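Right after this note come the structures.
In what comes next, subunit A is part of two complexes: it sits with subunit B in the first one and with subunit C in the second one.
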Partner chain A sequence: MFSAANPDPIQDSTAVVTPEEKQAGIWKQRLQQLLAFAGLLIIFLAFSIVAPTTFATYSNVMNILFSAVVIGCLAMGATLVIVSAGIDLSVGTGMALCAVMAATFMVRWGLPVWLGILLTLAFGAFIGLINGTAVTILGLPPFIATLAMMMICQGLALVVSNVAPIYFDPVDHASYMWISTGNLIPGSGFPNAIFVLILAVVVAYILFNKTILGRYDVSIGSNMEATALSGINVKKWLILIYAAAGTFTALGGIMISARLGSAQPATGAGYEMQAIAATVIGGTSLAGGKGSVIGTLIGALIISVINNGLQIIMLPQQWQNVVLGTVIVVVVFIDQLRNKQAKAR
Partner chain B sequence: MRKTFAALAALALCFAMASCGGDDKGEPTTDPGTADKPFISIISKGFQHQFWQAVKSGAEQQAAEMGVEMEFVGPASESEVEQQMGMLDTALAKNPAAIGFAALDSRAAAATLTKFKDAGIPVIAFDSGVDSDIPLTTAATDNKAAAKHAAENMCRLLDNKGKVGVIVHDQVSKSGTDRRDGFLEGMAEYCPDVEVLEPQYGGGDQAKSADIAKSIITANPDLTGIFGSNEGSAIGALKGVEEAGVAGQIKLVGFDSGKAQTDAVRAGTMDGAITQDPVGMGKAVIKAAVDAINGQTLPAFIDTGFYWYDSTNIDQPNIAAVLYD
Partner chain C sequence: MEYDPTLLLQVEDVHKSFPGVNALSGMRLDLRHGEVLGLVGENGAGKSTLMKLLTGIYIHQEGEFFLDGEPLRVRTPLDAEKRGLSIIHQELNLVSHLTVAENIWLGREPRSGGVFTKPREQIARTRDLLERLEMDLDPKALVANLTVAKQQMVEIAKALSFDAKVLIMDEPTSALNETEVAQLHTLIRRFVTPETGVVYITHRMPELKSITDRITVIRDGKYITTTDTATSTLDEIISHMVGRAIDTSAKPVNVRDDREVILSVRNLTTKSALHEVSFDLHKGEVLGFAGLMGAGRTETARAIIGADPHVSAEITLRGTTVTISNPAQAARMGIGYLSEDRKKYGLMLNLDVAHNVTISSIQDKFTTGPFEKKSAIRQAAQDAVELLKVKTPSMTQQVKFLSGGNQQKAIIGRWLVKDCDVLIFDEPTRGIDVGAKEEIYQLLNHLAEQGKSIIMISSELPEILRMAHRVVVMSDGYVTGTLQADEATQESIMALATTRLSEKELP
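Moving on to the complex of A and B:
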């Protein structure tokens, strides 16, 4: 579907992005990533100095990576959508619904784990498909379309689960839980969930940087009309972008339910904001047309490091969100400042 | 073409949903206008949590027994104070014979409750009190005493030494603060030599509470116990201990029941927990409401009770009756 054999209209169309601009964009993006990465290092070092014996240990680094998995998966999808100048508010409760669906497939219908996972991913893609359809064909603003989907998913998660958590069987579904908390390398203390996150990032990276979908994503986000004028079926590609995002949402649902050994229908609200925060910290612009999968990963790690570090130094919890919010303001402000300077030149 | 596709997609979603929720029972619609039986409206704090489902089932049992009609509603989450106020207004419009009300915010409802008083509709508070003299009685668990009892058991498990982490589900609501304060008070009283760490708040979210538990364990390698103030906090603590690879080395005391927690207690991975009696609470609300409709005087507070359960008594009939999945 994403084969590079198709002629790529963007390459011939100076109306969309000139090669120079594209090059400049790439450098800017690299700088942004560097900035985010530097931020991650600084925060990590700061906590290491404050709590040297407890924070900067192998097992705690594993804790940090592990707790970034769910938000990381969701944020991969959020990035794809935000680059297209859209927004997806349904990733949090969509995650909860996908978790419930995973439990429905495996626990209630008794399907094998691998099939349950595939169906759950397909279901997530389907939620995204509806989102994309609402945005393109019904012409709803992405904020409204996905806000509605957020509510629908929140409700359906409760309806389908009969307002009760669904528990996986510790024996029959041991392999499902193994995906999150098991150790592929025995005794390494390295939970499989981290491999899944790495895999998700690699897939998102390829999708975004090496396929037509990613290129059109950027193009639609920077100038939708020009993209349409250059003969690209914007609607089709937008639907696919939302569907891809939905698949990552489903992956988030799989990872959280595999970790907890149960599908919790009432969770999920608020996760979308964390995913959007990770995306924005990573340098993806809410205005669209610019983004980075690696940046988003770094953003998710920054959130995880801050949460973990503040818990370890036992800062009263009410302050933890204040710190996190402040970091977002600082990071995005620096980003905008740099963009303004670039434009002034 | 496209519109057809969109419509088909939407239709498919509906079917998918309908087929999944197969064992969903349709709610009986209550029409207060035509029923001869007294109609009691119950407004809870939510309906998602298993606790509220258990309250609901208790209320339904008692309503069937006493021959009254009832409805059981609640806001989508336990932070939707405004939505709950709207439900109070809606209930008033239905002119019920009595209402049961579990206030999310103990003060916000005062004005609306006055309207019930003016209309002569008796108000029964449950789960948490209301700062008002309008409710005829309050049927609730004494959360502070219950958490203090949890501390007493934690002290017994720890033999008066060690270091304990506290994971609380909420730092604002009365149930959160009462359980936190009750536990801290109990620890200070029953085992003053045990160090109790600054309470952390996980919003009752299992994943978040598990992350907090791991952080506490990392920061305090000499930790000997964790208290979780509700089901989500306690299960989160258990997950955190398991993920940190220190299962069995840390004493775990929880609160509430629910399948995951009762399973853990039965298996001994959780040392024990306090359970409220939600079914009894639901029954008490309906009974108090019917008594009020019949003009009987009610006590100011109905203690619906709490119990400590662990692997030794979990299957005893009196405990099994108050545990819910």
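Moving on to the complex of A and C:
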């Protein structure tokens, strides 16, 4: 009630924006992405200087990219949801459940690999559909709805798998594991998983930047009420956004189980935080209405570089999250600082 | 600065301006000891600005306040309360999950050792207070479970717990029924002693007669006059309220009464806000909706487009009976709504002009399958921007950097791109400066000429008189009358807007 101390300063004079200011606006946007990329480069260079012979090698770079794949896939979905001013906490355990389902389809039911993959993707979309329905039709806050889904997935992964890993058959499912660890280009040391990540980023990029789903995603995140009053069926589109996120979750589940050659029902918890971290580091605002798929990719790579680099310089593993947490604080703080300056101008 | 020690509260020549607006200029107000002073003025006359200055929410630029002959400077609402100046806002400021006693002493709880609350003492104090005021309230009752009238009592009790000398009440009866109003008035009389006084703000003319001793009229941020209630008539007060010299040369254009009905609304009733609202909108017409705040005009618009649920309604659009259950359907049927609160309900502020102009039509017009046609979107936005003369450096400019008038035009553009032919404007010129207002008026006239049908909700009577071909007047959720352009005057509209239909119909 008393917050009205600052009356609406509506001034027509502020409307005049010079071409220079407009140019500055475009540069500001570019700068945002450049900054994240520069951060990645700086961290990469820092490790390269500390450990020149072990870190900055071709095979280690492949390692870094390879280990960014799962987080990258999950983070694509997380970005779509966060841009709508929502949050999806179920991507981590949802990934584990999807991995278990993939193994169920292929190992237990003996379905062909291609069908198993399709069904797993559909299953992930289904998880997202339920998340979206809980958020829109039931009107639950996204945090609560997906927190519940996180626990449900965690439980179901254990139930379905009978609390034991399910192993893929090295012969029957060779093509499944080839998706992650095979080499499309023989002898290149370039695992296929990296192609899958690139594919996921391209799909997410198109979805976010070229389709109406992405358009409405940004619009809902910017102002849900106004978007609804503009005649957009906000509920329908939000459900689709969560379903799309669920599909990326399933892709993450496929990539992690293909890499391990097994579905591990107890893994997954904690991945959602890494996915959210990648999104936030990439410049997507938790307040919604603003985000970048490429930024998120860079965020995922930053996380991967830090994890890998810390291992290589032999910092005990328990320190990795400490460093990562610190990086998030620094990155988001800098981002907000720049936003404040932009506003003050 | 001269002051009069016989006055309880004195406001001398106070000025306050916001960028582009002179909210108050040369405002004055004299409250005598032991009186109830009515304060009246149209929406936007400056009442709430004055109240906010008195309670330290705003800081004034020029002029003086005196309380009991002492200069009064308040910086925060708590300051004001400590000096004995309490204000009860139209929207109550209570914490609904706390009890009556907890609300009254919030921030001033009886404590021991600085940290532990003393609930028993708090309740005892509350009981004393309520007994003194002869209020029938349970100190342990949750505020959420009380009626609005009882909640108001809690506010009053809270105000008096500060030993208030001056009690300012902003539209205290807007949510009360007749019996509750009478109870409130009894309470006010009990409060008024030779040491205290009340400033009573209301839109309800009959109440002025029954409770006030004198009435101060303000208009356009200026003091107009103060009269003794006993010797003045309501008509006199209304004419003081509205009596500005308005530009009579600008009149509604193209008024005709032979046009076909495009939208017909019958018996639109919602759970609480609206009662059997009926009206017709003709093709090419500007239909004004006048009324005081809370009369139900915005609620009518929102119920029509399906943004809020209604209990019953028969809506006929272009001759067909329709059911509209959400804004998406309304948009598909060609009804566009422009909210009074552009920032909250209209714009995606951090997104660009092109997005804001085309968001409603992208799916129908600018897609191939699921993919957007970016260049078509930009072109459509460009065309709309040129047609409406929106001042923006580019289509990629974030809409928050546009002025109020240009933001409004961008939303108008949104509905034009969508090919809407029924446009509901809710306060189309709110927060828009004078020059830009005129442009919006011309735009509305132009749209009507082209056959668009326009509902224009406005709280500014001059705006209604200048634009509306016909005027629907609402009060308390009822339509109290519909006036032709030539019948509409400030007085005739005000008379209908202050009618309390609900009372007449009560047994």
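Heads up, the rule we're going with is that the second predicted complex is superposed on the first by the 316 of 345 C-alpha atoms of A that agree within 3 Å, B and C clash if a C-alpha of one lies under 4 Å from a C-alpha of the other, contacts with A are read in each partner's own complex, and residues count from 1 in each chain.
One rule holds in what follows: a contact is a pair of C-beta atoms (placed from the backbone, for glycine too) under 8 Å apart; a residue touches a chain by one contact, two chains touch by 3 or more.
As the structure is a prediction and not an experimental result, all values here were calculated from the model.
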So in the superposed three-chain picture, is A:L213 touching just subunit B, just subunit C, both, or none of them (first/second/both/neither)?
second
Figure out whether A:A226 sits in contact with subunit B (first) or subunit C (second), or with both, or with neither.
second
Classify the contacts of A:G289 with the two partner chains as first (subunit B alone), second (subunit C alone), both, or neither.
second
Where does A:T146 make contact in the superposed view: on subunit B (first), on subunit C (second), on both, or on neither?
neither
Most subunit A residues touched (candidates subunit B, subunit C)
B
Considering only touches as defined above, state whether A:I130 meets subunit B (first), subunit C (second), both or neither.
first
For A:G189, using the defined touch cut-off, is the partner it touches subunit B, subunit C, both, or neither? Pick first, second, both or neither.
first
Which of the residues in subunit C come into contact with subunit A in the complex?
18-20, 52, 57-58, 77, 89, 91, 93, 305, 307, 326-328, 330-332, 336-337, 339, 344-351, 355, 359-360, 362-363, 367, 370-372, 374, 391-394, 396-398, 401-406, 414, 418, 431-433, 435-436
Within the complex, subunit C is touched by subunit A residues 1-2, 4-5, 7-19, 21-22, 25-26, 210-213, 215, 218-219, 222-223, 225-233, 289-290
Which residues of subunit A touch subunit B once you look at their complex with the stated criterion?
51, 54-55, 57, 59-60, 63, 66-67, 70, 101, 104, 108, 123, 126, 129-130, 133-134, 137-138, 154, 156, 158-160, 162-165, 167, 181, 189, 191, 235, 256, 259-262, 264-267, 269, 307-308, 311-314, 316-318
Help me check something: in the complex, which residues belonging to subunit B touch subunit A?
2-3, 5-6, 9-10, 12-13, 16-17, 20-21, 23-24, 47-50, 53, 76-77, 171, 197-198, 200-201, 205-207, 210-212, 214-216, 218-219, 221, 235, 239, 242-245, 258-260, 325
